[in-house]
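Labels A, B, C and D are assigned to the chains in the order they are written; within every chain, residues are numbered from 1.
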Amino acid sequence: MKAKLKAECSKEKLKYIRGFVKESIEILEATDLEKEQIVLAIDEVCANAIIHGNQTNDTKQIILEIDVTETSLKVDISDIGLYDPEELAGRNKDIADIVKDKQKGGMGLKLVYSIMDNVEYYIKNNMSICSLTKVLK
Amino acid sequence: MKAKLKAECSKEKLKYIRGFVKESIEILEATDLEKEQIVLAIDEVCANAIIHGNQTNDTKQIILEIDVTETSLKVDISDIGLYDPEELAGRNKDIADIVKDKQKGGMGLKLVYSIMDNVEYYIKNNMSICSLTKVLK
Amino acid sequence: MEIFKQKQGDSLLISVEGELDASSSIDMDKAIEATINEGIYKLLINCEKLSYISSAGVGVFVSYVEDIKNKNGKIVFYKMQANVLSVLQILGLDKILSIAETEEEAKLILNEG
Amino acid sequence: MEIFKQKQGDSLLISVEGELDASSSIDMDKAIEATINEGIYKLLINCEKLSYISSAGVGVFVSYVEDIKNKNGKIVFYKMQANVLSVLQILGLDKILSIAETEEEAKLILNEG
């Protein structure tokens, strides 16, 4: 099945997006915990697209495209903020240093990379796209 | 928000479609019962598109497009079966006659027309489209 | 959807759980057909755990109403959830089908007149 | 998300219910900041009804760990659901934060050394 969602860039929309994702990946043959983690990974990328990619400007939209079968998942999240994927490298910072530096952020991409099999960033049609994939064993 | 789903034409997909619809219309400011009835109306049109429009051929797909705000809903359901909207008139048959004639079908569109504000059928790009709208008061 | 059958004298109690849609209604159709083929025409349908019904689910019950009536039988529903009841109400079937609140009431209706 | 606060001697019990995400974490941040501004550095976080947490929610707690430690305080979580715990585990925070199973255990940890 293929599911697509366009949502305004406001943080309040995140909970609806999660509900939408939860239902869209329902056919995946994964445990509830695995599905919850996948919802989390997608939530993190959407939050980044809304907050960093579009500065929570709710006249802007993010686009979520989900392609799911019983055993595989591909999700593309697009936002109009054109950023350099190289700058997302913050995810390698040590967790103990994040605590020491009293950071509130910088943990989202760590989760995304841990939960998904593959994470790719690229630019197409003037949109920044984050493409997530996972194949169930 | 705008949500879109492509699903294979098999009746087993209907329950995922309902789950998807339920989440997609979550922001509507309607009662739970109203939302359940809207899910039902959309389920009926999708079932028709899968069964009558595509003869439950699961190599074919139906497309669901939802445009929702807090107070309004527009849903387009597309299938490749090209039918004459005039032929859908069966919905006017009296319910007592349906019982007398031992019919198993012919009640779906009655529900759809009761629940939604407006129901329109048209053909575009060689697809049959059923367009449902509802505005909350 | 799951169907549980329980014979009670000359009647059958069918408990239906889950969602009765265009897909699962086929199983319900078979269950009722089998009951009638066994010569049982008194049916109690426990809807307490029926969370969803679409027109295809309604259609299964509707299609047997005449045959059951012709055999002096009856089909009585009880403990319907609000959303399921609303579907029958929209169709005007709440006035044609027998719908009870409790199991006791359903049994009274089943065995009357 | 909803936050319930309850003062217990020199410590504060915060019960958090619902989903702690990039949107609702702002309220949690305010709640903890207010607590620290009142001079309370012993925090018990009841997670029994916390059904979801994202990195933004985690970040709120993480950002106060150092300040609280510097004041000889502590922040102890308890009754975490499996999905919430798994988020902290993926990040390796289960070894850095204090996480207890029960309220009693959490209080012991809060008041020890």
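The rule is simple: a residue touches a chain if its C-beta (ideal position, glycine included) is under 8 Å from a C-beta of that chain, and two chains touch if they have at least 3 such contacts.
As the structure is a computational prediction, the values presented were derived from the model and not from experiment.
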| item | value |
| --- | --- |
| Chain D and chain A - chains in contact with each | none |
| Approximate Å spacing (C-alpha centroids) for the pair chain A, chain B | 30 |
| Inter-chain centre distance, chain B versus chain D - centres from mean C-alpha coordinates, in Å | 46 |
| Centroid spacing, where centroids are CA-atom means, of chain B and chain C in whole angstrom | 25 |
| Set of chain D residues in contact with two or more other chains | none |
| Multi-chain contact residues (two or more partners), chain A | none |
| Which chain pairs touch, all of them | A-B, A-D, B-C |
| Complex contact set, residues of chain C against chain B | 19, 21-23, 29, 52, 54-56, 58-60, 62-67, 82-83, 86-87, 90-93, 96 |
| Interface residues, chain A side, partner chain D - complex | 11-12, 14-15, 18, 33, 36-37, 40, 43-44, 47, 50-51, 95-96, 98-100, 102-108, 110-111, 114-115 |
| Chain B-touching residues of chain A, taken from the complex the two chains share | 1-8, 13, 16, 19-20, 22-24, 26-27 |
